[in-house]
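Structures for review follow.
Here come two complexes built around subunit A, the first alongside subunit B, the second alongside subunit C.
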Partner chain A sequence: MKRFVTLLLATVLVMAFALPALAAEKTTVTFALWDENQKPVFDEIIAKFQEENPGIAVEVQLTPWSQYWTKLDAAMGAEKAADVFWMNTYLPKYVAAKVLEPLDAYIEKDALDMDAYVAVVRDAYKIDGTTYALPKGMDTVQVFFNKAIFDKYGVEQPKDGWTWDDMVALAKQLKEKAADGEYPIVMELDPQPSYFNFIPQDGGFIISEDRSKAGFDQEGTVNSYKKVLTLMDDGVMPDYKVLSDTKGTDLFLSQKAAILFMGSWKAMLLDEASFAKDIGLIPMPKMDASNISVLGGLGFAMNANAQDKEAAWKLIKYLAGEESNKMQAEGKIDMPALISAQQYYAPNFKNLDASVFFKVAETGYFFPTSQKVAEWLPVVMDVSSQILSGSMSPEDGCKMIQEQMQPILDSEQ
Partner chain B sequence: MRIRHDKRNRRGETLAGYAMIAPLFIGLAVFYIFAFGQNIYDSLTNKSSFGVPDFVGLANYVKLFKAPYFYQSLQNTLMYVLICVPLVVTFSVLAAVLLNTGIRGTGVYRTLAFLPAVTLPAAIALMWKWLLNYEFGLINAGLNALGISSSVAWLSDPKVVLFAVSMVFVWGGVSYQVIVLLAGLQGISRSYYEAARIDGAGSLKQFRYITLPLLSPSIFFVMVTSIINVFQIFDIIYLIIPQYSSGTSASRSLATYFFEEAFMKFQKGYGAAIAVALFVLILLVTLAQLWFQKRWVHYDE
Partner chain C sequence: MMSKRKPAAGRTWPTHLALIILSFVTLAPFVWMLLTSFKTFEESVRMPPAILPEAWQLENYRIVLGKFPFHLFYLNTFTMMGMTVLGQLIVCSMAGYAFARLNFPAKEFLFTLCLALLMVPGQIFLVPHYDIMVKLRLSDTITALWLPKIFSAFGTFMLRQFFQGLPRSLDEAAMIDGSGYFGIYARILLPLVKPALVSLAILTALASFKDLMWPLIVNNAMDKMTLSAGLAMLIGEHTTIYPQVMAGSALAIWPMIVLFLVFQKHFIEGIALTGIK
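And then the complex of A and B:
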């Protein structure tokens, strides 16, 4: 008996010492994100990841958007930032500060097929040939139209391959027959769903590919603003007074608008409209140069000071992989940039044809950015709103943007 | 012996006193006094997102005094003060006097008057955002019903946004001040009014010669705090004017300008300089008020 007790005590003692040692072998990776709506899905993804990687514990850190960047910056300075985090258009700034881990060596080692992603999105996270993040998802801009309104007024529905002039012609026919308070065309005057598409569509650019030149001195850039203003002047689109107070999507949802320029991020909402079966979906009309769409999206980046980089890479690879993309697509939180996972996204829609998004993505270009995007983008938005409200001419406005944006770009060199 | 005992006792009391104010004082020291000093230091650096900021002397201030945005937001801020402060003071004095007359249901009215003060600013702003909506707002519908056919773009027409924001500020700002003034009114002794009535003064004269002078310390307090509040006007603008819309530049105050620079463009050093400029401005105006109060504020001895 005595011997048994001794043995038992000894076992307990050994275990008491051994257990923490076992636990210490488990490495912890911290993962920061900002969207609480997406967190439940990520909690599930993380749970699955931990199941498959018992040696890694992931700590999810949710910081609301309003504090995310301030906190990330402060934590970087104190070397206490998360190991893996969501990254957006601010990427070049963090690359320039050398706080992101280049991922090429890891990609090469694991022979990860980068062609499995939509090319534009994949290349968006490459700076000077080095990849700093893997794609999370993407969003595209296209036209939603209310078939019922076209049919009611006996106007031909828009067809893929249409041009801006075709659209104006259709809108004018609608305008003649429409009741007061009904609008042929609506859009939201933020950059992504409106003028950041039109500028390249009309042959201009926002920032040159090498990110050294601002494109607001280009004729195409100025013209694209003029075309939008013409829609307002012709009365086929409500002016800024209406559009700045009431979202274009809301006008469309209340069946007061026939054509809506909108991002895929609102598609789920539109699919749930009472008249969703009447909603048609096509790529934007072609302006002088193209009908290119600006693409948005996020990526997963690694802290250059991450504690356990191998574990952090495993997490990133998993987050950007098939299973995670599938769960995000089925959870309706993001549209996969991973081509093989796009099949899981389309069935979310009862009425809309999601293949249009993937088609539009093929020819898109990524949301313009540079190291100091946080400084010049507000200038672009501020002055653009003045142009689109008519308090400044497109020529003067574009000149003003150019004069403020170019020095900011010059100071990046 | 006795004296020593007393001394020890007093020291104990002093320590206890300090201990009791310590929680407040430590909070004040860390979050206000230290932060204040830190802000002044930051305004002399090129602090941005990360990395060790360099000391740049007065460069931020030079940039500030050259920035058209600074002058525009300064002008807007002064306009807010000129519009809002007189309205807040007038309405709150009127409301307080009316609520002090003792009509039936005073308790209900007082509660109603205090409601905006306990309502979240976000709720107030969102409510007004809809009331002021160009196409679907109740205010434009009211104007149309009155026969004014052209709707006003309250939140996007650069010519009117500043007035719309002021209107919301006054609506939300009056209520707290009413409570301050009500307390002041209740401190005025009834005997003054009785004496005045015997001398044959009507209610207007009583208001002019008794209420106003005896209420002036409270009015002074209301004025000083209102001016400070309006100088720092931020949340209403941030919540009802869409970011970078046609109404943005016409409604931009110094506080929103600070927010944009420090937290959207991440230029924290420059943002700190804007905050210092706002501080100096408020300090000067408040000092001027303290100086001028001798002329009109009457302290009842």
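And then the complex of A and C:
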């Protein structure tokens, strides 16, 4: 027994301190991303990149979305984070922490034409005039509708240029004829596909352009919540409980909903639906001010502690370049922000008219953010759920958000 | 004799009925998982729900197996579970023995410290553990999956209580016969706390199997991930293809089911013994 235990202990210790394999002579660049759906395409892009750059080996690290930021923070602390990684609306937080490499010197040196990208997306990765990421792609929010349901009930299909009131009128007609469990309008009540669009559409704002003021004291902001609640009160949209039990997209896919407010990120899925030929696409209806919608997207950022920054830059440049964008567009995984590669996206759709996405993108405004977005966004989301579930009035809720969000913004300065 | 003790048939049926209903409640999620794993995506999100798939799709299993190196996930998971359990049994039983039987400076203080660890949520240790692994140059290795887990405050505490419950006269008898402290620990006391060791092993194995955050944080390469981490990768930011996740889950849980069936008796005793699942 004694010998056995000693042996075990020895084995444990030896295994614990056995050194990891030594690195190869090639320079290695690590690249972190979070979307498993996109990984196969990125594996191909990386393979091509390595072919063209035989001196660089790229190691792709996939971390699921819900653990990505925890991992990035932990790895940053230990100076072991990936050299190149996907970055989104949390960019200002990492810029403030000084862990991102400014890219301007590299852009200048290689004379990279930044005007080749959609301006809103390009500028979203610029903080105080410094660029911290190159654009990957973008996503837009618009309305998908089921033509077959409109035809079945003899209701006119929505037409571009429609207003919120037009939509409500159509929805009421549908409501009269619809069977139980069928809904004229559905949406997912997360910020990006719903209220972050309605707030500016009704004349309010989430955060001022200089990122110093919260806009939840604006009349338009309060009104936009009221309009969504009115849809529920009129019975043309399921109430909060139904929408939180069942995703809007799932109701739409079950052909139980006529109108769906949804992001382009579900386009691939909807294009492959069994009834996809019946799906129409149209920009959002206009509220009091406009029908502008949120533009989301990602960028490729570089770790300020990257071991071989030249190699990391080469990878970023390639990832944000023509070939990579073309492959992502053809794989339908992302809408290119690189204007010259946008032509490759829409033709891949068998049923959907993806050109609508680009039309919507023209007036899109970038997902609101600021240095401490990770602190105020959860407040906005939490209180908004309470407003939309009816447990708090829009006035009280917006007041509450304003009171919590403004001090956070003030503390950023 | 036996038949005398058997209650009348008429009075057992309510118990059985309740048990049958509860079995269905317990089994339903597993059955749903299996059914969903054979559905198309559209069927899986259909409202009202489609119970049986229209056509049984093996496609989801093929896709999931093609996406990930499942054989490595199994291997890594079992290595991690095995080493964690082994490490904890050795470290915790030794520490438990020391706290129960030996006299050394600051013993009470150290034990209080150990108890204090029980109050701290495990997530607190994520970053320090990660930092240590990086400094040992062990990040992104299989070793990193289990090395920080071989100490457990709970295991130490639990085994100390069991050691304390054993009569001291055993130690004294062994000592008279010429045994040292290690001999007393290894040859006399350890065999007597076997049920506690089995419980600890089972609880540790379960916790290790379920651990998701740690493998994802400390390791980067796909071939150094565990089953739980692999499954999490199927959950997307915007879109989750449920039939694939369910197919992956079905592939991931069978080793645990086999383990449970083999050690069924111990599992129940283990949970009954400690009151912890």
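In the analysis below, the second predicted complex is superposed on the first by the 387 of 413 C-alpha atoms of A that agree within 3 Å, B and C clash if a C-alpha of one lies under 4 Å from a C-alpha of the other, contacts with A are read in each partner's own complex, and residues count from 1 in each chain.
Methods note: a contact is a pair of C-beta atoms (placed from the backbone, for glycine too) under 8 Å apart; a residue touches a chain by one contact, two chains touch by 3 or more.
In this text, all values refer to a predicted model and were calculated from it rather than measured experimentally.
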Which superposed partner A:T246 touches (first subunit B, second subunit C, both, neither)
both
Between subunit B and subunit C, whom does A:A105 touch in the aligned arrangement: first, second, both, or neither?
neither
Quick check for you: in the superposed arrangement, does A:A97 touch first (subunit B), second (subunit C), both or neither?
first
Where does A:W265 make contact in the superposed view: on subunit B (first), on subunit C (second), on both, or on neither?
second
Given the touch rule stated above, what does A:Q61 touch, subunit B (first), subunit C (second), both, or neither?
second
Which chain makes contact with more of the residues of subunit A, subunit B or else subunit C?
C
Could you tell me if A:G77 is touching subunit B, subunit C, both of them or neither one (first, second, both, neither)?
both
Is there a shared patch on subunit A that both subunit B and subunit C touch, and which residues make it up?
70, 74, 77, 181, 246
Enumerate the contact residues on subunit B facing subunit A in the complex.
49-51, 132-137, 151, 153, 155-158, 242-249, 260, 263-267
Can you list the subunit A residues touching subunit B in their complex?
69-70, 73-74, 76-77, 93, 97, 99, 181, 189, 240-242, 244-246, 374-375, 378, 381-382, 384-386, 388-389, 391
Over in the complex, which subunit A residues touch subunit C? Could you list them?
1-2, 5, 8-9, 12, 15-20, 30, 32, 34-37, 59, 61-67, 70-71, 74-75, 77-80, 82, 181, 246-247, 249-251, 253-254, 256, 263, 265-266, 269, 273-274
Under the stated contact criterion, what part of subunit C meets subunit A in this complex?
41-42, 45-48, 67, 83, 86-87, 90, 126-127, 130-131, 134, 136-141, 143, 147, 150, 182-183, 186-187, 190, 212-213, 216-217, 220-222, 232-239
